[in-house]
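Some notes on the structure that comes next.
We call the chains A, B and C, going by the order they appear; numbering starts again at 1 in every chain.
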Amino acid sequence: MDLRVTDLAVARGGIPLLEGVSFTLNAGEALVLRGPNGCGKTTLLRAIAGLQPALQGQITCPPDQIAYAAHADGIKATLTVAENLQFWAAIHGHRGIDAALQSLNLADLADRPAQTLSAGQKRRLGLARLLVTKRWLWVLDEPTVSLDTASVTLFAEVIRTHLATGGAALIATHIDLGLSEAARLDLTPYKAQMPADLGFDDLGFDGAFL
Amino acid sequence: MSALLIRDLRLAFRAGGGFGLGLGFFLILAVLVPLGVGPDQSTLGLIAPGILWVGALLACLLSLDRLFALDFEDGSLDLLATSPIPMEGVVAIKALAHWLTTCLPLALAAPLLGVLLNLPITAYAALLLSLLIGTPALSMIGAFGAALTVGLKRGGLLLSLLVLPLYVPTLVFGAQSVTRAAQGLDITTPLALLAGITAGSLALLPFAAAFALRINLR
Amino acid sequence: MASLWEYANPVKFMKVSGFLLPLTAVLATASIGIGLVWGFFFTPDDFRQGSTVKIIFLHVPSAFLAINAWAMMLVTSLIWLIRRHHVSALAAKAAGPIGATMTLIALMTGAIWGQPMWGTWWVWDPRLTSFLILFLFYIGYIALWSAIEDPDTAADLTSVLCLVGSVFAVLSRYAAIFWNQGLHQGASLSVAPGERMDWAYKGPLYLCMTGFVLLFLALVLAGTRTEIRARRMQALTARERAQERGAG
């Protein structure tokens, strides 16, 4: 199992952000994407997760193998922690959430309504969702927002376990997760070049109007 | 799929889920109309079928803007889009949840409100039947409208503007069933046409709504 | 091989439409002008309806276009969804308000005609009701276009609405017939046998119809050109911003 991205170009709001992005991610590997704000990390991850079309290029990945996690965790405030997690497990055709609760240190909170959780606890619940999907590739957009140092270490451990069991992770983050084994990819060189002349008609989007 | 239905029902019944709001609106409407029209029993009996159908339709409209908007805001919709459930299934299930929590109570309460409006005795069965047959179309058409407007900041008003014209055929055949029953006429034709609209909506609109949702997510 | 789709390129469309627009505009003005003068002043009064019937020269063409503008939107929406030609989507956008205006003209001239004929400005006749509902569909369509910022998203969503709306508009038409058998006369150009419309009327009527179709074309061309220019401006500012960001 691997994720293969070839010559990928992505755009947001009709403006190309990144182009020529290529990489391969094998089982047991993690890749950390770096780059300044607004360089297109989120857009790239959404394209890989299949949420938005790519401008160009190919993404090959076994179908239904991506677990995506972004800024919004999809947590329902009036449901308890366990209910939230059980729902996502059921959606992916699984049962059993105890292991996930344990690994993110949520077992004590299982019966609390999600609205009483702190921001960091909510984030941990959002990350626990990744475990119950039992999917191979985790696509993570800034997973450590609002986590304290201890939780970051805990989460790094969770990722390590996931990699050790044949999983893979694609992570966009600004802070150091302490995953020394992870490969790094700086997106700055892939910034889409805006042609000075009127030559990007072929892309078939707003360029056609220039 | 059943997990999604159970979650949506649970959310509706918990605090802040908004269950019962539509029913309350329906009741208020049935009280306000006689106050506006006057207490004449025969006039009320004459307009009762239309009032009840229009009332049910508006009450059904009330909760539509939350149908996808909440899931859109908290990211659930993104996650559902990457889940094994097809988007069409998500739409259908959410429309079903809307029908169970909003329209079904309306249909069951309508005969009681019919008493308030002096609905002729022959029309009660037709009222219940036509609402049961017709309201699934209202939920499904509404889900389509909600999918179109899900990304918009103030989508609620626009949603009504888009959905209400689409409700016209359902309203006409639904209200006609009740009116004809009140006059002692045969109601097979309007009921059959109503069922046809519901069947067609349920068969085709999930695809249109899922298409709109995917566009709004990208 | 030249294909029709070449005109879907905005630059090419601008060139061709720049030539066609004044042509259609002049022809439209001429045929409507001549048609109306001929119709109003050089036709005999109807033996039953008197001179009020002459509003037909405005009423029928606008009603004809009210429906066909929607049909055109349906076709251009489909072209956008299937082949993703921007011009097609923008033409649909431009046709929306024009179709709505035609519907409104048809409704208003109908009311003015109906008052002396039926003694009332408005009746809930199926044909009138259908047009009123059609007007509501137009309003929704226009509102959706103006509510969405991203132009491609707006084009996609309005296209779906147009498709679904078309089905429901047809259903509404039949629902309205079921709901009330009306007193509106049959479609004017295909009236019941024995009550054929005289050629004295048909001549100016056909001329007015042609004029209205040309007027519609001219307005859609003008509207599409405006939309293309607006998109071009958006694309230029977006590129400028991107370049500034690249430099900075």
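The criterion applied here is as follows: a residue touches a chain if its C-beta (ideal position, glycine included) is under 8 Å from a C-beta of that chain, and two chains touch if they have at least 3 such contacts.
By chain, with names taken from UniProt: A = Heme ABC exporter ATP-binding protein CcmA; B = Heme exporter protein B; C = Heme exporter protein C.
None of these values were measured; they are calculated from a predicted model.
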Specify the chain with the shortest distance from its C-alpha centroid to the centroid of every protein C-alpha atom present. B
Which chain has its C-alpha centroid at the greatest distance from the C-alpha centroid of subunit C (Heme exporter protein C)? A
Is the C-beta contact count larger for A-C or for A-B? A-B
Note: subunit C (Heme exporter protein C) sits from subunit B (Heme exporter protein B) at a C-alpha centroid distance in Å of 32
Cα centre of subunit A to Cα centre of subunit C (Heme exporter protein C), whole Å, reads 47
Between subunit A and subunit B (Heme exporter protein B), what is the gap in Å from one C-alpha centre to the other? 37
Where subunit B (Heme exporter protein B) touches two or more other chains, by residue: 218
Given the complex with subunit C (Heme exporter protein C), which residues does subunit A contribute to the contact? 13-16, 191-194, 196, 204-210
Please give the residue numbers of subunit B (Heme exporter protein B) that touch subunit A in the complex, ascending. 2-4, 7, 10-11, 14-17, 71, 73-76, 78-85, 217-218
Can you list the residues on subunit B (Heme exporter protein B) that touch subunit C (Heme exporter protein C) in the complex? 141, 144, 148-149, 151-152, 155, 158, 161-162, 164-166, 168-169, 172-173, 176, 189-190, 193, 197, 205, 208, 211-212, 215-216, 218
Mind pulling up the subunit C (Heme exporter protein C) residues that touch subunit A in the complex? 9-10, 84, 86, 150-152, 228, 231-232, 234-236, 238-239, 241-243, 246
Of all residues in subunit C (Heme exporter protein C), those that touch subunit B (Heme exporter protein B) in their complex: 133, 136-137, 139-140, 143-144, 147-148, 153, 156-157, 160-161, 163-165, 168, 171-172, 174-176, 178-179
